[in-house]
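These notes open a run of structures that come right after.
In the two complexes below, chain A is the common chain; its partner is chain B in one and chain C in the other.
After this line comes the complex of A and B, so read on.
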């Protein structure tokens, strides 16, 4: 079942911001919209809420077109980056706001506020004003205020970016727990890939007003489809080459003088391709241990960062990064050392 | 540190005396027995208070001024709130021009404005009526309201209004339940400043107040020019004390400082 669907959404201000965006979020799913600032994710959110109207396209909530429905009739929960708690109301006043508008009776409101306070573990702070709470507590009140009216969809706009690193980690776990408990369909907007990966059932990567890839966190991380996503999901090695030969189970790509064997067989001979591989999959040895995908290299730079050593290596004229796990028995190579770089053929993937 | 504190103390004292001295002189002179303006006062009597408070034309001018200030500040509050909301919350063509247009009377020479209004009223709006006087005053009181409310409104994050809406509040409920309580300090101080600006205004009124609508400052102005006797001192000290009392009362009721500091 689909709860939120965006169909070919276009929106321009002075320049086009959204260029035909399609997205469907399943019922009870936790979906992240991940992208750099300016990619259109906040505009998308504003369109779902009804604060902005799309120039073209349709917004569906539970299969009903809501394009012309005012925000207050959309039954959506929203949490802002700055929490946006009403400063002139107590925590209880904030929580009861949406309930009063729905004409819930006083007794019921009292009960629901109590339940919400338990959910966010802030019992006893009902009569505080927002300014008397810490950032993390305000964040949780904002979340409870959005959830207490039992919305069909919960939207979170960079909710953790004003918190410090430790609190962010805690709130990630809290968000996950609360989502499990209330099971509300959730769209989470963020530019932080760690948040998106750790929280979501699926991640949609936005770039230049379009969704470039949708997939599970592991898919997105391990097999980013494009140069942009590969780069955005953390430093990866991207090299360009030409398909030299195609066999049934193995394709060979030539990168300068190097021949790289990859399992992908859908490519055509002679095509220019971009190959990506993760820096933590690169193995660095003193000796040549195999004949396939092993390349001579020289250490240009190394840095010991505790759990692993970062190398910048030069293979012919190509520079690659390698993160090599180390323990007390591992040899650490120094600048100028000659080494062999080894990769498995399945560590490579082709970018579009 | 001690020297600094002493300096500050002296500065405050001098400021205080310089500000209050003219008021004290007026107050003391009101008790004079003489029938001309003099300082130090000659003798002691309350007769000028009696004269002032029984002078129907003076009382009428105070009444006119109070009514005028009340109507002008309320109208400014109404127009100013709507104008501020549009100016702060929306981007539209001509926004900057409208903004400068509203604020301009604060910086333009009022004599020019008064003269312009006089000709405008007599040529197009059928002469000088109370309504036209209100019109003239709203022009000079509106900037105070718009400035104050705009500042308050700009401090109210849009996300607060959006939160209210997404929680189910329509635009009007959102304004009453969220925006209005948050801009209350700006509303009160803006309206109060507008009231005072209208009540104190001499220049505009001098041009556009007709004889039957003479305002209090204009009345004093005429009296000083044509009948300079201590009754003006008496009535002025009466007004000064009344306004002090009103300010104190307002502070008690609304807690102006508390609101302003929030």
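After this line comes the complex of A and C, so read on.
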């Protein structure tokens, strides 16, 4: 079941912001829209809400085109970065706002507000004004206010970015719990990859007004498809080379004088490719332990970060990063040391 | 203890010194004359010495409240100022609201237009209004041509005329104060209301209006105060036909040189203003608790 579908959405202000965006969010799914600022994610959110009209394309909510529906008729819950709790109303007033507009009777409102307060664990604070609550509490009230009307979709716009690191961690867990409990289809807009990865069922990476990759958090993290995503999801090693030979189960890519064996066999011989591998998959040894994907290297820089050592290594003219886990028995190499770098062939993937 | 040099002052001492200066200026030039006036209002007028301080009396106040002429003055001033304030509020709220939606250039031009009443001498604008509002003037001609009225409305020497000219004169103040307060409303509140199911009217009534209460209060107090103490335009428009406190105070003090009675009336005027400030504030507080 699909709840929200965006079909070929285009939107320009002075410059094109969305260039034919397609996205479908399944029912009860937690989907993150992840991207740097200026990638069009806020515009997308405003289009789903109806605050902006797309120049082209359709927005569907439960298979109904809602392009020309005003925001107040769309039945969407929205949580703002700055919460936007009405300052002239108590917590209860804020929660009851949407219910009163839907002509829910007083008794029912009372009951629903109580349930919502239990859901966000703020029982007894109904009569407080928003300014009398902490940031985290306001955040939870904002969430409850959006959820209490039982919307078809819940949209969250960078909801945690005004909180400090500790609270953010707690709220991530809270958000996950609340989503499990209410099972509302959720679209979570953020530029924070940790939030997106830890919360979502699926993550959609936005870049330059388009969705560049969509997949589970593990897919996105372990196999980013493009240079941009690989870079955005944390510093990766990206090297460019040429396909030297293609066999049934193994392709060899030449990078300068180095020959790298990768399992991908869908490539053509002679093609220029970008290879990526994660820095935590690089193993650094004093001796040569294998014959495949082992390269001579020299340490240019090292830094001890506690759990691991960061190395900057030079392989011929290529520079790569390696995060090597260490304990008291591990040898830490110093600048200028000659070492061997070893990678498994399945640690490499080809970027588009 | 920190040692201070002979001419060195600690920060808090500096603040006190600076504050003292301001307090002194206020006391000397504002509170002083006011108290002097208050003091004079309890004596009798004397044609030769102007103020006869031999007897302390309440008769000036009695006169203000019992003499039909001055009674009318108090009542008229109150009615005219209240009506002008309310009209100004109703008329300028939409202006101030739509100004928040303008882009910077359009806003600058609009602000200039709004400020025009303040740019010319109020005497000139009052006479301009007078010509526009004569029985054969543009306003009456227009109203008659579209059939709203069959006979010209008499504006000169009537409360309606005075109200109109007051609304015009003090619109800039109301608009700018309202605009400042509306400008402060985060657009996310409006979005939040809409997405929760509020249509335009509900959004306005339940969110924008209550959140602009501080501006409404400030604008109303300012406008009311300026209206009730305004003298020149009401005098041109109302002549001496519309009895108004401000005009009467002017007459007592500048024409008849009756300082005691003029002072008493000015004190009454001040009391009306203070009372109104209190009423407006407590009304706002009651209706929209926590509306800041």
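Worth pointing out:
Rule of thumb we're sticking to: the second predicted complex is superposed on the first by the 352 of 352 C-alpha atoms of A that agree within 3 Å, B and C clash if a C-alpha of one lies under 4 Å from a C-alpha of the other, contacts with A are read in each partner's own complex, and residues count from 1 in each chain.
To be clear about the criterion, a residue touches a chain if its C-beta (ideal position, glycine included) is under 8 Å from a C-beta of that chain, and two chains touch if they have at least 3 such contacts.
Quick caveat: nothing in here was measured; it's all calculated off a predicted structure.
Superposition note: with chain A as the common reference, chain B and chain C are in steric clash. Once chain A of one complex is fitted onto chain A of the other, the partner contacts of A:88 extend to both chain B and chain C. In the superposed model, A:35 lies in contact with neither chain B nor chain C.
In the overlay built on the shared chain, the residue A:136 is in contact with neither chain B nor chain C. In the superposed pair of complexes, A:159 makes contact with neither chain B nor chain C.
Judged by the document's definition of touching, chain A residues 49, 51, 70-74, 76-78, 80, 82, 84, 86-88, 97-98, 101-102, 145-146, 149 lie at the interface with chain B and also at the interface with chain C.
On the chain B side of its complex with chain A, the touching residues are 157, 159-160, 162-170, 173-174, 177-178, 181-182.
In the complex of the two chains, the chain A residues touching chain C come out as 49, 51, 70-74, 76-78, 80, 82, 84, 86-90, 97-98, 101-102, 129, 145-146, 149.
Chain C contributes residues 186, 188-189, 191-199, 202-203, 206-207, 210-211, 213, 288-292 to its touches with chain A in the complex. Across the complex, chain A meets chain B through its residues 49, 51, 70-74, 76-78, 80, 82, 84, 86-88, 97-98, 101-102, 145-146, 149.
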